[in-house]
Amino acid sequence: MRIARPLRLLRFRSGGLAPIIVILAVLLVLLTARQPDFLSPPSLMSFLGRSAPVVLLAAGQYFVIVSGELDLSVGSLVTAQVVIAARLIDGDPSAGWPVVVLLLAFGVAVGLVNGLVTTRLRVPSFITTLGMFLILVGAVYLWSDGAPKGGLSEEFRLLGRSAFEDVPALGRIPYALLLLLAAAALALVLTRSDFGRTLVAVGGNPRTAELSGVRVWRAKTLAFVLSGLAATLAAVLIGGYSGVSFQAGAGLEFGAITAAVLGGVALGGGRGSAVGAMLGALTLETLFTLMNFYGVSGALKPTVQGAIILIAVAAASFRFPSR
Amino acid sequence: MSGALSLPARRTPPGVFVALVLTLAIGWLVVTLDGGRLFSLPTTVSLLHVAAGLGLVAVGQTLVVVGGSLDLSVAYVVSLSTLVAAETMAGDDGALLPAIGLTLAVSATIGLVNGLLVTTARINPFIATVGVGLLLKGYLDNGYDGPAGKTAPALVQGLGYQRIGPVPLSFLLLLAVAAAAWFMLARTRFGHHLIAVGGDPELARLSGVRSNRVLVTAHVLCALCAGLAGVYLASRLGAGAPRVGTEGLYDLESIAAVVLGGTALAGGRGGVAGTVGGVLLLASVDAVFNQLEVDVFFKQVIRGVIIVAAVAVHARRAMRKAS
Amino acid sequence: MTVLAVSTLLVLAGCATDEPATGASGSPSAGTGSGTGSGTGEQSKFFVRAEYDEQLALLDAAPAGPAGKPWEQALNPAMVETAKFRKPGPYKICFSNAGLNNPWRQVGFKTMQAEVDTHRGRISEFVHVDAEGKDQKQIADINDLLGKGCHALIVSPNTTATLTPAVEAACEKGLPVIVFDRGVDTTCPVTFINPIGGYGFGHVAAEFVTRKMKRGGKVLALRILPGVDVLETRWSAAKAAFDKAGVDVVGVEFTDGDPARTKKIVNDYIQRYGTIDGVWMDAGAVAGAAVEAFEDAGKPVPPINGEDQLDFLRLWKDKKLTAIAPTYPTYQWRTPIIAALKILDGERVPNPWKLPQPTITQDNLDEYLDPTMPPLHYAMCGCTDLPGYPGRWK
Amino acid sequence: MSGLLPSPLLALRGIGKSFLGVRVLDGVDLQVRPGEVHAVVGENGAGKSTLMKVVSGVHQPDEGTIEFAGAPRTFRSPREAQQAGIGTVYQELTLLPERTVAENVWLGREPLRRGLVDRRAMLGRTAELLASVGEGSLPPDTRVGRLGVAQQQVVEIVKALALDARLLIMDEPTAALADHEVGQLYALVRRLQEHGMGVLYVSHRLKEVFALSSRITVLKDGRAVTTLDTADTSADQLVRHMVGRELSSYYPDPAQPQELGPVRLTVRGGGNRKLRGIDLRLRAGEVLGVGGLQGSGRSALARALFGAAPFSTGQVTVDGAPVRLRSPRAAIRAGIAYVSEDRKGEGIVAGQSVLDNALLAGRAVRPGRLGRGARTARVRELLAAFELRAAGENQEIRFLSGGNQQKVVLARWLALAPRILLFDEPTRGIDVGAKSAIHDLVRRLARDGAAVLMVSSELPELLGMSDRIIVMRDGRIAGELAAGATEEDVVALAVGTEREAAG
């Protein structure tokens, strides 16, 4: 089975990895055609490093989507986390780690609320997390009345900004990339674990799962918690990469969801893979870079992005008819 | 047979109206204690104007949601419509009707595209409409660097500012459109089929309903409503505004209004009356907080809470009846 | 340069007063698609040559009014009668605000509130309604305020063209209307208050970058988002300047004010062109991110402009950047209150009330750089003498 | 032989259909005459349902011709088939719980007046139709969600009748019905027959087939093996044609007294919204049958014992120790397993692999414990023991036949070695061959010391399998019968002396 699974992902119909790999490959070819040195270790490394947050979010979103739900609050959570971090740290180097722990706790808390409201109060997750989105944004503005206060310490920002310098062959390896790899590995382990498989069942047919002894509410809530944690890590990286700002997380939720769907994760649950979701995110980031290199006018970028997404998803859904 | 013994045959009146009355009552009390007047003429007029804009969009949104779909591109359709209308009119009353016609034609076309993507191309409505939204965003960002065109004065005086007592013409328009939509759902084949498709597309198909055609029509109607909202805003603003739709958060707010009105996000259950109630509720909350000069961000938090709470109540009722 | 400026000033001084309301906006019809230059693309529909020349002239004009209090000064003032608005105090002053959705407006509004506090005796009530950046809400808000028996109405429009009808409606009510920041397409308000404006900002920055940058260098222009008139004018002026100097603008990108996005864009441009020799920005929000992008890429930071936000000023000093910070001063939020009181006293006020728009340069950097204030505070707030400083702004 | 008779209503010639390269139908010929009830029988996966879907326009045949009312036809959609006069009653109920009876009946062809839906006509005609099938008491503006399964079934049929169909396709119409309700259905079908309507009748229940049909076509592996005149055919012959072997005895021997072990499960005064005053004892080694009409509380009892719709009152003990079965999880922990009557909705996760489905419960209840390897191995053994027919353990379960899906569900439970098993209609929609396999399995489990409670609406199964039978009525245990009871005994208890309407 351990060997069978990746094969299956390619062989079986929906949620396969084949389409996203193809798309990503095509984009990379186009990219290198325009910018031959893009795939050279240093630039590739920094590309992967800066893409880490979005990929993390996509992985987190995978767990929520595959369990049949949706998390629209991650973007606002990222913003909230960055702003909170800035205010708590306020340039104090020593505050770094304690604050990170605190952020993780907050991320878990938000995930818990999302999960419990969705599962216990039976509020569609679209609404739950939309509400959470409004609440978080509002609260964070309220708390810092309109402008982020304090600032992040260089120490805190290391994780998102710095790298192991002069590594043989690769040149530099961003810490962000390492964190990403660790998280990705963890996500993979999770998807193959009992929990991971059960979660898919929950998304596929909650009734059956319930009657087989699965605590559906618990599984889904855990999924939201994972998403919250992913958002927190993303926030730490983004804050590190580019500092504090209310824009830090703007629109990331749509990015993450789109990435997951691009990667073959079926909205509605029960199908898809974390790997797919992460590749989807990487694809979107590649597209973004591609447009910079091809000098697509800033204003036209959304159009290109939208077109690519529609075409890709349509193509996928044609090759893999979804029931 | 999950549904066995659930809700009674008679539709229960949407609880949203109860909430609306309570909000207004409490709001009136608080505002009065605060030394203000909630139902002063200007305040009422403002309230109804806010409701009219959102309402037109939300009524359209109701149709797609009842059909089990979703339209997140409405915000951009609204913006585009204001521009098409205002630019075609160019301040000339003669061009009024052609302009409105063109506007509606354009928005209908967008709706058609949405519908086809969702049905024929089998793209999940969330992704499909977000994608189309991006296409439009690009067009707007690229083509417009600010308000353009000039609305025909007749329209401004009429739809924009004309009112009968405290009731603006635009609100009457909303009521008319809502009534039409209600009538459509209750008394036309299309309506019956739409609800069926929302309840179970395959089942509808087996019963000989042309599911795709129905859903496409719903999307066209939704876009038309957004187009109308655009015309109204153009009449209000005296010009076309490329960002008015997104500034107004019409995409998410309309969905919020729909679910506040008790329409199931999953489709197959709900109605326009509730939506209008939901819109009025949101508008009233706005008005009350305006009178109290409550901080916007706090207001946003409250909104988030209200939306989630309201839907939780709906879910609770449904559950109690189901179990 | 100055000669030309002065002469144009003389020519334009007169007609400048006739069309005040078209302040920072201008109407689309007036758009003149002046020649497209290297990579800068089409000229904005909002570019109004007359406006442009006028503002450039004002840059060198000498302000009238109390020294050291730029928020009470005016450039080439043309006074208007306000006797008919004289009323006994205390007053109820109402303010329809476009929004508080960015640090600039936050700092500004705090400044305005502080200004109100200094007149507690004369202002009995100050009503503030926030339109949350929604045109249609602001229209409703204004209409709503008209029913509250305000003695004066201050409006900071969310969008120029679209708010015009509402403001006209307000004027018809007979109460004094004061517009600031963005203008409206009508002359009915008693006065329109704003600093020199976007053209000046954009021009100063572009002119600086062009001058400091190595000949024939590549410039990257970073904009927040399209469709905001204030920002559009800044860019169109910069474009004009760059085109005139034949500067090679390799890219014009929108950052949505998102630092991460900004770093990625700058990063990619550095990689694509090997090096970028100058960075122009229409707002300071992401200046820090842009600078970092160069550092992270191990490149020297080229001549760059920011705004008077402290994080940038700090960066500028610490990293010893070649930089300049044109401003769109937040002290303009004090003026409407002052104007309102003058008008209600029947005193004459300038219309348009053009406030000076200082630029922070290497020479005067230190006097604006207050290390104790938060990073997103605007140095040009003119608020140091107001009650509650600095606590209120922290 | 049928060639001599007047032109057939429906004539299929050489119908062939494949899915993903798998040949599901292969050169099927079949004729239905006006006023004929033509039964189609065959094991699951024989292609019955596919054939019906071809006729009703859901699928289009790859080859062959459909002739209806003398003219060759091609139905590109159910709508076209309906317009031609072919109505269908599907295996699963196809009604919208949120909509009224009338709205469901007329869905897709609502009567119009001046372009608008004519509410009055809709309700009126629905009432007539309901009356014509002896359900006049059922108000047409009731929301279907409030109806019991049997009534929903009636609505299904009325829905098909509303087409003035000339051919009615009934795919397992009695699947959801209790035996006495089946009686009503017979009467209904005969009435249709008299009106010269042709009926294409698919069923696993040979009893019905013999009771209703004039001819029987046997499908096997997508081919029409033969068409027999019901009159001169015996059950054994038919079964032989279907499975290609003689069926010795339908049911395994009941338990001998000495095989009965200690009491595993007791309920005292159990009750909830659907049940009242339930007292029962379940011994190791016995199969306790539960009979009763649809909605009498049969299934409710099983679900209560499994914690899916828990008892709100009363005490339950397992092996003497009091337990609180508040959730399926709790029940499973107490060693109870439950096989639902609704396999599609509650038994499988359609999109997951056979293995994932079989491992579901184990993963949920005993994660980590008895190492994953061992757990998987155990499940593999079971699947092998059941001779599961699948393309591999990684095939998605939705591609399996009903019988094989049921085997996977059983494997899921047996992997947990439960001591108490609750079966709700374990053989619903399962072909004769797999049926007896499952019967044997149930009995074997009992022999191995499990206590089995089996709900069945099929009287022969109930009587044949049970060591003891309790009959439910109105949420109560109406009475208990020892082995050897007759169908009449059961029905008497189920219906009660005073004959109430079903429901």
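Letters A, B, C and D name the chains as they come in the text, with residue numbers starting at 1 for each one.
We take it that a contact is a pair of C-beta atoms (placed from the backbone, for glycine too) under 8 Å apart; a residue touches a chain by one contact, two chains touch by 3 or more.
Going by UniProt, the chains are A = Autoinducer 2 import system permease protein LsrD; B = Ribose import permease protein RbsC; D = Ribose import ATP-binding protein RbsA.
All of these numbers come straight from a predicted model, not from anything done at the bench.
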Chains in simultaneous contact with subunit C and subunit D: A, B
Of A-C and B-C, whichever chain pair has more C-beta contact pairs: B-C
Farthest-lying chain, centroid of Cα atoms versus that of subunit D: C
Computed distance of Cα centres, subunit C from subunit B, in Å: 35
Distance from subunit B to subunit A - Cα centre to Cα centre, in angstrom: 30
Centroid spacing, where centroids are CA-atom means, of subunit A and subunit D in whole angstrom: 44
Touching two or more other chains - residues of subunit B: 2, 141-142, 296
Sequence positions of subunit C contacting 2 or more other chains: 100, 226, 254
Residues of subunit A whose C-beta touches two or more other chains: 145-146, 207, 297-299, 301
Touching pairs among all chains present in the structure: A-B, A-C, A-D, B-C, B-D
Residues of subunit D touching subunit B in the complex: 58, 77-79, 82-83, 88, 90, 93-100, 103, 107-110, 112, 115-117, 119, 139, 141-149, 152, 159, 273, 342, 345
Residue ranges of subunit C touching subunit A (in the complex, touch as defined): 41, 100-103, 105-107, 223, 226, 251-254, 256-265, 267-269, 271-272, 285-286, 288-289, 292, 296, 311, 374-377, 394
Interfacial residue positions of subunit A with respect to subunit B in the complex: 70, 117, 121-124, 126-128, 130-135, 137-139, 141-142, 145-146, 207, 254, 257-258, 261, 266-268, 297-307, 309-310, 313-314, 317-318, 321-322
Subunit B residues touching subunit D - in the complex, by the definition given at the top: 1-9, 186-189, 191-193, 195-196, 199-200, 203-210, 268-269, 323
In the complex, subunit C residues that touch subunit B: 25, 28, 44-46, 99-100, 127-130, 132-137, 139-141, 143-148, 158-165, 169, 225-229, 232, 254
